[in-house]
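Just below sit the structures, each encoded as structure tokens.
You will see two complexes here that share chain A, one where it goes with chain B and one where it goes with chain C.
Our next item is the complex of A and B:
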């Protein structure tokens, strides 16, 4: 009965800290963003996962020592045409997974563009992970592991090759992000709620302030 | 492991009804399973598991495939069997009771009792149907772990009290979950001291609501306040003032919502009666009206959709249609030739083309693959889907291919079962919705803003709520609008909905009223669960396949009638719906019963794509552009224009093309 991937829920009782983080998935169309999330959140894989239209939102909780990390995951549409909507989703995110497909060199190029955009436009302390997905198709590999790893090191990104299909490294990459995220108590998450009239378009991340309650 | 899990409740005969018209009617199934309440070391869980029909070891795979695949080729590979096994498992449901936010029970008159569970993060599970009873017993068990409160405004909705408000909710514990005790409830609220306090406010504001409902503010019994406020609000209108978070309450201006009836689908008998001897459709408005009321008999769609989608003119004759068909056939293959003759070396130096081709290939492989028409490896219909989209790229190179288009084509192809007809119907549909796919998303933003305008007037309370919960931009409706609800309904329901929308009745932008209707149905769930941005989006996404089409259409028409009969309707609302405004040319208005002259409608496609201003594109004239075939949108790239001007293929070239370019599609031609 493993609905919840490998990542187990904490015991119901509130022991230790609870941290809540907004994470966004970015990357070219059909690289497997939704599949990674589906594997992580529900432990499932659909060979013909339909394209994401607009955005999807999912949550998953992982346990890290005495800390409970709750991911609020925004899964976005990948096509360039929908690029103009992306800032709405990565604004205020504390973490991002930029996904490419190891069998498609173009998607790696697109991933680099996303990384650049995040470095320029997203929150300054955002934790970015690079995921080379579809690692099960290594016989069709077009992006070398070393190339991506080198790029990730230059840009201080977390890096893993993943496979949503076989579940390889899927929980691991989320856990690695969880470990890297700041979990101090000082982050100003004072339980503010969004104020009336505040629009999504405006800076408003009080509710996802990125630290522990 | 097993010893650590204690079963507190268990019941079989609990079904999830998969609305899989998406699959095939054969599989439109009630998925049997068991529901459990389990005490695990990590918490208390509600779980539903699909029953294993048969063991799935290698030996029985084939049998199982045979059983479950009635009606289509049983010679599937083991891939499909595995898929089907996963198909069942993917409905499995498991959540910790502490994550539960609320649930909806079926109305008592509804046959089998069902429960829809909604989690705190907005996750909304499909209804679990208790065919052998047991829903009450489960809820009684649940009540031992959480405090359940019935919504004061929606007798089907039950809200779980937050843990930290447990103490405050004690006075509600006597609430009898299983009897209608709303009257009692209300009187309790009235006795409550907060009522008096609140009652002295003549202005009710969401701001106030929000402040009082701060979860950290334990000194205020928030749930009581919500109830009191919700009791006060119905029948009132809250106007947005300039001061943020401060709204004036006034009486609603909308007349009551009338009941409307839906009709029966247009039958082929009726259809032929509407044709004169030469094949012209007489009484077009009557035909459209019947389609608006009841849709089209599925078997007749193959004919009628060509009229609805402007492939044929309503007043065309049999013989003119034959000519049109011939011309469109030629046109189609001419355009198809343009891309099928691009060889790989040429493609290398034609990156824009290559990019689009890649996008189409990526989406074709994942469009409606559970539908029997597209399922299985190497299904030839996928090639047809691909070819039509590629040819559309040539037909409208400026627009190109955008995600979502394959969703719009698929139901059309399933009806037409013919590449050329499907292409032209698709092109007609795209004329209506191509603004949705613009690079700058202006068309989408305009429509989302229009929903806001309409709701501001039709339901200020909900509109206010959404605004104050970061959802005033209505982005959670993005998918609804982009592909006209294709992912929200089963295949056959989406087809029905589309033909209703294509009549352009009873007013312009009826699809936006459908959005309002669905949101009206979900209003109590959104508001009483106090959903915020993420929960709203999640709940709306999860409602896919769980929306009742006919009820929604009735409600949408009801809202139309309310707006139509409203006195002093603001011009902004009139413009959205195509009603004559005080300073625009008369557009005619429609009688309430739907029999008088309809509004002359303008398809979105004929709206000049003028600029970012939403209003400028709304107040244009109401003439319908029938010259879409000569559409100015058809801008072929330079090299294409050359070849297209000389290449008007004769019949022989078509023959050659059919052989050359229709690898797996020969079954498509009758």
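Our next item is the complex of A and C:
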């Protein structure tokens, strides 16, 4: 089940459409958001992955049949205090991965809050995936697979348990998102960059305090 | 402690290696034992006593090898005992007394020797005891981190032999059972004393197993331990012939039941020592830098005796041992090389250490170690010849640098008689300077005196820090620059760092991710300290909260003050208000937003082309610069770079970090200009390698070319300094906000105002100062005329010509906003525009009356890539009362 190395890169043959999607990762601090991105983009795992301040940005391309899907990934800071930064990143995002840590029940609760917020505030067509990370630590599991799966079904989320450490389901979850994203010719977002640079002075709904509004 | 006649010795051993696939509870690889040892070792470096050898260094080699450097003497009890010297009761008592003092001292500092043996009792050139190798048990956490037993079997007391190997709780790193305490060493001392009396070795050649059996026999209730050991050593009568005091002493030492056996703190008061009139020499009044006590109280000046008049020529021996060792390394000292030469590290052909089998999960089988994991206690001497050679040309006066003569400060660095001009070295790149033994020698001598003179020598320290900061004293110099004073230890101790608080979880997940490539910070010891310092800050600043990033900010201070948590804490406590005032408020949004808006202005001011491009693609500071400023770059650079950055940062004012930010962008100017949004953001997602020295240089230059009020921030610290103690030595250390404000000063602007303008505003004060206008007496800006009389700024008045004619700033040009730009957006040519175009390097101050014309005009100039454009805050009206406005000369 586990794979090593990054996701498939486009092979030389220039075929089909190119789609570009903005994806955001949300979830409590230290659940492994940055680790998932690093695994997906570079095929690496750093045990001492630095904490994220503000947000980090990376891109990765995957091939789906005849379509090349380019992800522009915003990896956000998990600490609750940075919450007010998040809208800047999920606004205009076509996909989101909400991550929790299967060994920590609180992080699952936090994931649910994120899902709620996305459903309320993000663009209505956003594809949301729920990732139960650190699946390699199943002996310390605190969140049951069935519980999370049930929740995901109720909310029509994609769901997988992942491990950035072993690479389990990491590419798969991104691929599953890519499959679910609309790739119509017109709305293929190709070349149309999402707007991460929304001016921050724009009115901002989620706004109690925090770093940047 | 001064070097004296001490030598340096190195020994080596292996930490126990973890098997490859072993993971901790978090699924991540275990911290290598060598790292844990390095972490624990640091404490040993702080021990300083005349009867113990100073620990100097602990270096990790390959394959979990550790190399330990310690003060060393070639003579030891194992060599000395055969002389029979210690069979004399006087000498024996004196020896025991010195050993006990050493033990007592280390016990007071939570260290138990647990390894006392004849080899470890060194004798210095005067025959005084110096305990060595006493840190093995401590640094290996009771032996848990090594696969060999610590201590010699024949000197082990019964309870140690019974307890078996130590076990460590993996989560807490604490031993499951309490580790050996001070009393175990007392037993060993008793054995050694009997050996010395008898002139024989106990159980020589007997197997460890047999020794264990022999010792266990002592546990029988009716066993006469002394008698059976003396029988073994054939010294029953000998002992009886000695004084009852000595007999009693030995009996006490060899008490089987540890609860009845005295510990060193009790034994130093044994009657035997009183009878021999031995008194404890209290260690010389420890000198403390940060304290509220009187530092010179009880200060005893050494008395010069006849012998001292013939001064020793060995000036190096007067220097601190740590300092000499530091220089030794700079002079090319190479531990691994020395050990290899001595055959302690045997280089095997690599092929012989290849594993026989590697599984696909990375596990290897049948890999031979390049040496046994067992302990070889051999100590190899580190020759000081090379160092002495390198320093041989140094004039002896340089060893005793006088500070009182302030004229030498202005002269700069002393020139060395060795014809190496230190001023030349001073201008070399930092990395070279820091490796230059002779240069560092001079810096260390100078700084040591300056630091000892802190806070009185504050001005001088500031001045020298502008040249550079020697790595050996960086922690103290930083503390001095941050003006840390007072009894920091008492302050730190008074803070509750243990009671759980809400932030604990975040701190606990952040610390193991913070600068973990740094071997000191990766150790469990470091994590514990890190947690305490962070908690101390959070707990004692209720108005602030823990933001992720505070950990990174703390890391440099902790790494530099590893053995002084209180100082690390005092530094971070002083650093935050200076550079990050209000950044750690729960709602820090207005503060950070203002900071970033001012940053954008600065970019536009100095790099308009870049600013236009980045704005155009939406690459705004909010997306990349928050980790820069929130952590003062500590999150984005490795520690070895941060220290150099902060060496300068600490000399700057609260706005200086903004200039560093601009300097960083400047370094990537060309790349950023050619990049689109994605590439730009990717570039800074993982900070690329930058030339830091250049960056710092640029930042200073940019600073000097910016009017101070341009970085005015309402959220910056406002309170002017009450009693000014800081010397005005650093032209870029002053804060705009420290000056009292008047009607010509900057005033708070709303965020929207800040954002709607591309350029900074400057205050009328700055205009007057830079324009060298002699204003009314009400201006507090010193208006000193510059020698060359060249103007620094060009004032562009954008009001209508009529208004302009009624009163204008002398020397200003008039480009009325209404008619300034062509429909294409270019400046319409006219004489004033020509003047503007010819004034590329000047600061261009756009002045209007009330309304947005001036800022709109300035925005247009930036759009046209004009550099150094700013506007006058409050427009021409603020100058009405200064009396500088005049009517233009009639046009001819």
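Just so we're on the same page, the second predicted complex is superposed on the first by the 180 of 213 C-alpha atoms of A that agree within 3 Å, B and C clash if a C-alpha of one lies under 4 Å from a C-alpha of the other, contacts with A are read in each partner's own complex, and residues count from 1 in each chain.
Following the convention adopted for this analysis, contacts are C-beta pairs under 8 Å (C-beta built on N, C-alpha and C of every residue); 3 or more make two chains touch, one makes a residue touch a chain.
These numbers come from a predicted model, not from an experiment.
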Q.
Going by the contact rule set out at the top, does A:55 touch chain B (first), chain C (second), both, or neither?
A. both
Q: Using the touch definition from the top, say if A:131 reaches chain B (first), chain C (second), both or neither.
A: neither
Q) Does chain B (first) or chain C (second) touch A:88, or do both, or does neither? A) both
Q.
By the touch definition at the top of the document, which applies to A:77: first (chain B), second (chain C), both, or neither?
A. both
(Q) Is A:99 touching anything from chain B or chain C once the two structures are fitted on A? First, second, both or neither. (A) neither
Q. A:69 contacts which: chain B (first), chain C (second), both, neither?
A. neither
Q. Just chain B (first), just chain C (second), both, or neither: which does A:47 touch?
A. both
(Q) By the touch definition at the top of the document, which applies to A:140: first (chain B), second (chain C), both, or neither? (A) second
(Q) Is A:23 touching anything from chain B or chain C once the two structures are fitted on A? First, second, both or neither. (A) neither
(Q) Output the chain A positions appearing in both contact lists, the one against chain B and the one against chain C. (A) 29-30, 47-51, 53-59, 72, 77-79, 81-82, 84, 88, 193, 195-197, 199-201
Q: Would you mind writing out the residues of chain A in touch with chain B in their complex?
A: 1, 3-4, 8-12, 29-30, 42, 44, 46-51, 53-59, 72, 77-79, 81-82, 84-85, 88, 106, 191, 193-201, 204, 207
Q) Which part of chain A faces chain C closely enough to touch in the complex? A) 29-30, 47-59, 72, 77-79, 81-82, 84, 88, 134, 136-137, 140, 165, 193, 195-197, 199-201, 208-213
Q.
So in the complex, the part of chain C that touches chain A is made up of which residues?
A. 25-29, 506, 509-510, 512-514, 516-517, 522, 545, 547-549, 551-552, 586-589, 592-593, 617-620, 622-624, 626-627, 630-631, 635, 677-678, 681-682, 685, 751-752, 755
Q. For chain B, which residues count as touching chain A in their complex?
A. 41-44, 47, 49, 83, 86, 89-90, 92, 94, 96, 98, 121-123, 205-207, 210, 214-216, 244-245, 358-359, 362-363, 365-370, 402-404, 406-407, 437, 439-441, 467-473, 475-476, 478-479, 482-483, 487, 532-534, 537-538, 541
